[in-house]
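So that you can tell them apart, the chains are marked A, B, C and D in the order they are listed, and the count of residues begins at 1 in each.
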Amino acid sequence: MSEMSSTEQQPETEIDLAAAEALLGTDADRFKHDYLEVRGLRVEFDGFVAVRDVDLTVTQGDLRFLIGPNGAGKTTLIDAVTGLVRATGSVSFGRTALLGRSTHRIARAGVGRTFQTASVFEELTVLQNLDIAAGARRAPLTLLRRRPATPEAVEHALETVGLTALRDVPAGVLAHGQKQWLEIGMLLVQDAHLLLLDEPVAGMTQAEREETGQLLRRIGSQRVVVVVEHDMEFLRSFADSVTVMHQGRVLAEGTVNEVQNDPAVVEVYLGAPTQGDLA
Amino acid sequence: MDIIAQLFAGLSLGSVLLLAALGLSLTFGQMGVINMAHGEFMMAGAYTAFVIQGVVGDAGVSLLLALPLGFVVGGLLGLLLEATLIHRMYRRPLDTLLVTWGVALVLQQVARDVFGAPNVDVRAPAWLSGAVEIGGLALPRTRLFILALAIVCVVALALALRATPLGRRIRAVVQNRDLAEASGISSRATDRVTFFIGSGLAGIAGVTLTLLGSVGPTLGTNYIVDAFLVVVAGGIGQIKGTVIAAMALGLMQAFFEYSTTASVAKVLVFVAIVAFLQLRPQGLVSVRTRSLA
Amino acid sequence: MRLRSTSRYGATRLSTVSLAALCVVALSACGARVDAGSDTSASAESCVDTSGDTVKIGFLNSLSGTMAISEQTVHDSLELAAQEINADGGVLGKELEIVSEDGQSEPTVFAEKAGKLITSDCVAAVFGGWTSASRKAMLPVFEAQDSLLFYPVQYEGLESSPNIFYTGATTNQQIVPALDYLVEQGTKSLFLVGSDYVFPRTANKIINAYAEAHDIEIVGEEYAPLGHTDFSTIVNKVKSADADAVFNTLNGDSNVAFFKEYKNVGMSADDMPVVSVSIAEEEVGGIGIENVEGQLTAWNYYQTVDSPANTAFVEAFKAEYGEDRPTSDPMEAAYTSLYLWKAMVEKAESFAVEDVTAAADGVTFDAPEGEVVVNGDNHHIAKTALIGKIGADGLIHTEWSSEEPIEPDPYLEGYDWADGLS
Amino acid sequence: MTVLTTLLRPGRTRTLAAFGLAAVLLLLAPLVLSPFRLDLLAKFLCLAMVAVGIGLAWGRGGLLTLGQGVYFGLGAYLMAMHLKLADAGPGGVPDFMLLYGTGQVPGWWEPLRSPVSAILLILVVPAALAALLGWAVFTRRVRGAYFAILSQALAAAFAILLIGQQQTTGGTNGLNGFRAFFGYDLADPVNKQMLYLIAAAVLLLMVAIVRQLTVSRFGELLVAVRDQEDRVRFLGYDPAAVKVVAYVVAAVMAAVGGALFVPIAGIVSPADVGVVPSIGFLIGVAIGGRATLLGPVLGSIAVSWAQTSISEQFPSGWIYFQGALFILVIAFLPGGLASVAGKLRRRAPEGSPA
């Protein structure tokens, strides 16, 4: 990571959960009917079936982890839910059917995601990144004006992900972990009700992972959160429940303990030793 | 009868477009490089034929010599371009379009200063003059030759891509540059070879064009826009798409031209391509990847 | 926060103020309005300086771009004429000083450069232009500035500007004689092939009118976009139409592709002769002699014209630019144009535009093509029409001649069949 | 604290100062330049208007449009048609139609008789075409090189169409020989000066508009779309809409540039709208700095000036020079000269989002 060097002199950043409270609010009732429901999902690339017959239900308050070896179809599943790839079957969030909608309409329905490689607008500042994320529902004409003041939600998000001091820094110079936090911050100001996070702690230090986990847990208590993650340590610490995928199918589902002791899961992971340390 | 004649005219034009576009689809497909100087590589091939004819004299021998030498001249120009400019710009594919446009301007002027502004004449060999009569239909031998040459080039390229280790490397890089690099394929070397072959094909196209039209500094500019349209309509990364698109464009131009005028036909072909891209934004055939483009 | 927005309004205000200022200045600076219909344009005072030993003239040819192929040759023969005139004592004792500009093959540039030559360089006259588009672009400039242009290329007629002298053929000196020749040969049907621009379109309109009056059937009329290089469809149509002859007004590169295709489908001058009006000696080499041998052309001059003036011209040209350089009709017309201007100036004993034009009528010059006479009414010159056949030597040999110089008639007013054409 | 730094941020003061300076220089030009040079400058300003739009669409939005000649041409031809009709007088027929056409004014020319509807059409027609084409192309996610090539083919098709319709568009000759501009005699040097000042004012207005767009939220969004189109989509925006807006603004600016070019240059022809001039517009933008505010304007004027003066000295030299510019600037100096200035000051390029 060449960007790392440029951030040496920058202040240490950390997650501020108190600010997250202000942002998320305490009114959990608002989200209590939210749930993600996937039925019979199938994705094909030129004859290769990447995801088949996947059923998945995730409810609010259940911090769900999605694991599986490389090529198991985890990212493809998220791509299908967010409209990036074409799929058959059904996907709905609450009462809204998602499949067949265009990506930006799915996003407006309250679905947000992050990417394996942190994907922020590198030439824009941290503040501008968050402001854009917050603004999808703005009236077109207000876009033609300069930002009058920092929106409240953006201020809270800056504090939550600890980037207040770096607000006017181009996002491209942030450290890797900071970029991932910025992405989570963007999901928060976007007011996503369903958050799909693809390897959010990859490349983070242990302390950063801990803080990220706390934040995800806090978010997960209110909203529907699905995390794709390889890091088993992180999973054991924060997952409420786990879905294991293998070769495009759901192999097992349950609590961390249940899954760890599932013979099928053990076999898959032993068969792929590089993925290793489940036990 | 007219329909068959136009069918042949269309396929013939298609084969010319195919020769012009084949190399482009390779370089564009593999590297996303939009080489506007491709047309000038064709011009270089045509002037190669002219020079060789001046040295050899016999039109037949010089044509057969010019085909491989045109390939080499075009290829070397491509290699030079790749090594000096393109390789530093892979992350900025759109900018390569403008840089190579500059190269095209310079090459045209060089040709003007070296060979003079007026067109030069490359004689067609005796065995290619006249036409073959089939059922009252006159098929010009030159056009049959070009059609055959286009088929040979396509087959040779397809075989090379499919059956040789080099071809497999090229296809691997086309489909996923990062993955190919991770699997130990040197994409630098592969890029150079691809550029050599792609530009060399432009040289061959240029040699064949001497049989049909004028040989002058602006020879390439007459073809470059059409060649790019073929590549865009055909889709990236597969020869199949380029072949179908070239033939479809040739046939459309021929039939529109027959029923309207050549000017209107050109405009209609453009409209058809925009409409087609509405249905298939990535072209006729495309290698689908999962990566976030 | 308040301060920040102040700065924003500051920005707006500054730009508004400067914009407003510009607008006010713009509006207060308005000049003359025109009364609808009347032509009261205030022509600029001429700045031509004839007080010294030299007089400036301008050459305006495309030395770059697609037309450079043709216009460079015209430029060369203009240079030759200027050298000869200077070696011979100049014009009215003043040496010619050449200001050369590049028209870049673009009409807009021709207009701009014409303006520069007239108002910045203050030349006494400008020589050049090739395409109709370039001439049309320059015409209003020369009229507005009341300056002189000598235009050396055959063209589509229907024009006679008081500020332009046309030393190439108009339609009744090239196209009409070519048709007369075809009728004489017993031609009953014609196929028209042309590039898609003003000259071929106008020429074909005239041909159609002529054909109707002379019982010739026009069996096809096809246009190719400029620079078009695939002629299989058009040649297919020509072939299946089976006319007595083809009248070809294609331009530039398209001729190469057309004649190669023509030969490739097995046709030759014996089956269906092609009469071309844009192929001169310069172009024959590029098309390939073997592809056009025996085909016909219509011009007013060929390198093979047998006259002392032409022998001198060809020798001088080859001495200056090389043995391999042929001479052609537009080159000769350009060469002639400079000498005609010299003759007009000397007759008028003045470089002033109104004096030169007043003196123009009846000025003659013993040109390589034969003696030419300026028509003071329409500013064209009387020229002899020549139908030529392209020979195996790459030169064009006179096949038929109108014998007498034909008086220019740019609007074809003297031809009954041409009524309603313009 | 932040308020103070915002106010004193060099980017903003510099832009303001540059804007003011440009306005003053433009106002002073008529006093120092000969009428011929002033005319040239006015022409360059019109071409610079195209560049301003390209700066927005390409520099900010990443839309490499190789077909701006189409919009320039639309504006220019619409204006030229109006001037032709106005010269012909009420019910009159333009001269070239009498010569080459049917002697009848075709129906689709008629709306251009009235000055008001002519001006409206100059703005609306290019905007509508750009919106239609942009919408068709961008919603289908045709982008990058595909878009560039399509826009180039559009320019080629447009030029062919113009040439082919000689009776109604003047063909290769184009349209020229205008006597008056909305009633003002074009031969009068004072009116030429007025045209220059109008062009200068319009150019400054365009720069102000682009400035406002780039510092607005739209400008930030446009950069976001340029760099990570899909990411923007996942935030709930339709990137196609953002691109269409930028494309339409660029198209309208090119059209206005074309419309003002006509009375100043006195001519428009297909040679001004095809593939070659369309790419030619880009080089000035690239030299000045494609993503900066004033870079495209200054670059475009500098290139136009270089073309005129170099070709006066060495006709074929200009082609080498232009080719070399494309190669050197794009390959080795993608940020344009503005980035050199920026590097010298060790600061971010001027005009980058504040």
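Here is the rule we go by: a residue touches a chain if its C-beta (ideal position, glycine included) is under 8 Å from a C-beta of that chain, and two chains touch if they have at least 3 such contacts.
In this text, all values refer to a predicted model and were calculated from it rather than measured experimentally.
Participant: Would you mind telling me which chain pair, A-D or C-D, is linked by more contacting C-beta pairs?
Facilitator: Answer to which pair has more contacts is C-D.
Participant: Which chain is most remote from chain B in terms of Cα centres?
Facilitator: A
Participant: Report the inter-chain centroid distance for chain A and chain D in whole angstrom, where each centroid is the mean of the CA atoms.
Facilitator: 43
Participant: Using CA atom averages as chain centres, what separation in Å is found between chain B and chain D?
Facilitator: 33
Participant: Would you kindly tell me how far, in whole Å, the mean C-alpha position of chain C lies from that of chain A?
Facilitator: 71
Participant: What are the residue numbers in chain A that touch two or more other chains?
Facilitator: 84, 115, 119, 146
Participant: Two or more other chains in contact with one residue: find those residues in chain D.
Facilitator: Residues 160, 163-164, 230, 316, 319.
Participant: Please output the residue numbers of chain C that touch at least 2 other chains, ranges allowed.
Facilitator: Residues 1, 196, 223, 225 of chain C each touch two or more of the other chains.
Participant: Quick one: which bits of chain C touch chain D in the complex? Just the residue numbers, please.
Facilitator: The contact residues of chain C facing chain D are 1-4, 7, 10-11, 14-15, 18-19, 21-23, 25-27, 29-34, 36-37, 39-44, 63-64, 101-102, 104-108, 111-112, 115-116, 119-120, 131-133, 136-137, 139-141, 144, 158-159, 196-198, 201-202, 223, 225-226, 422.
Participant: How about chain D: which of its residues touch chain B in the complex?
Facilitator: These residues of chain D touch chain B: 62, 64, 66, 133, 136-137, 140-142, 144-146, 148-150, 152-154, 156-157, 160-161, 163-164, 230, 275, 279, 282-283, 286, 316, 319-320, 322-327, 330-331, 334.
Participant: Over in the complex, which chain B residues touch chain D? Could you list them?
Facilitator: 28, 32, 34, 85, 88-89, 92-95, 97-99, 101-106, 108-109, 112-113, 225, 228-229, 231-232, 261, 263-264, 266-267, 270-271, 273-274, 277-278, 281, 292-293
Participant: Considering the complex alone, what residue numbers of chain D touch chain C?
Facilitator: Those in contact with chain C are residues 3-4, 6-7, 12, 15-16, 19-20, 23-24, 26-27, 34-37, 39-40, 43, 89-90, 98-100, 160, 163-164, 166, 171-174, 176-180, 183-191, 193-194, 197-198, 200-201, 204-205, 208, 211, 265-269, 271-272, 308, 311-312, 315-316, 318-319.
Participant: Which residues of chain D touch chain A in their complex?
Facilitator: 212-213, 215-218, 220-221, 223-224, 227-228, 230-239, 352-353
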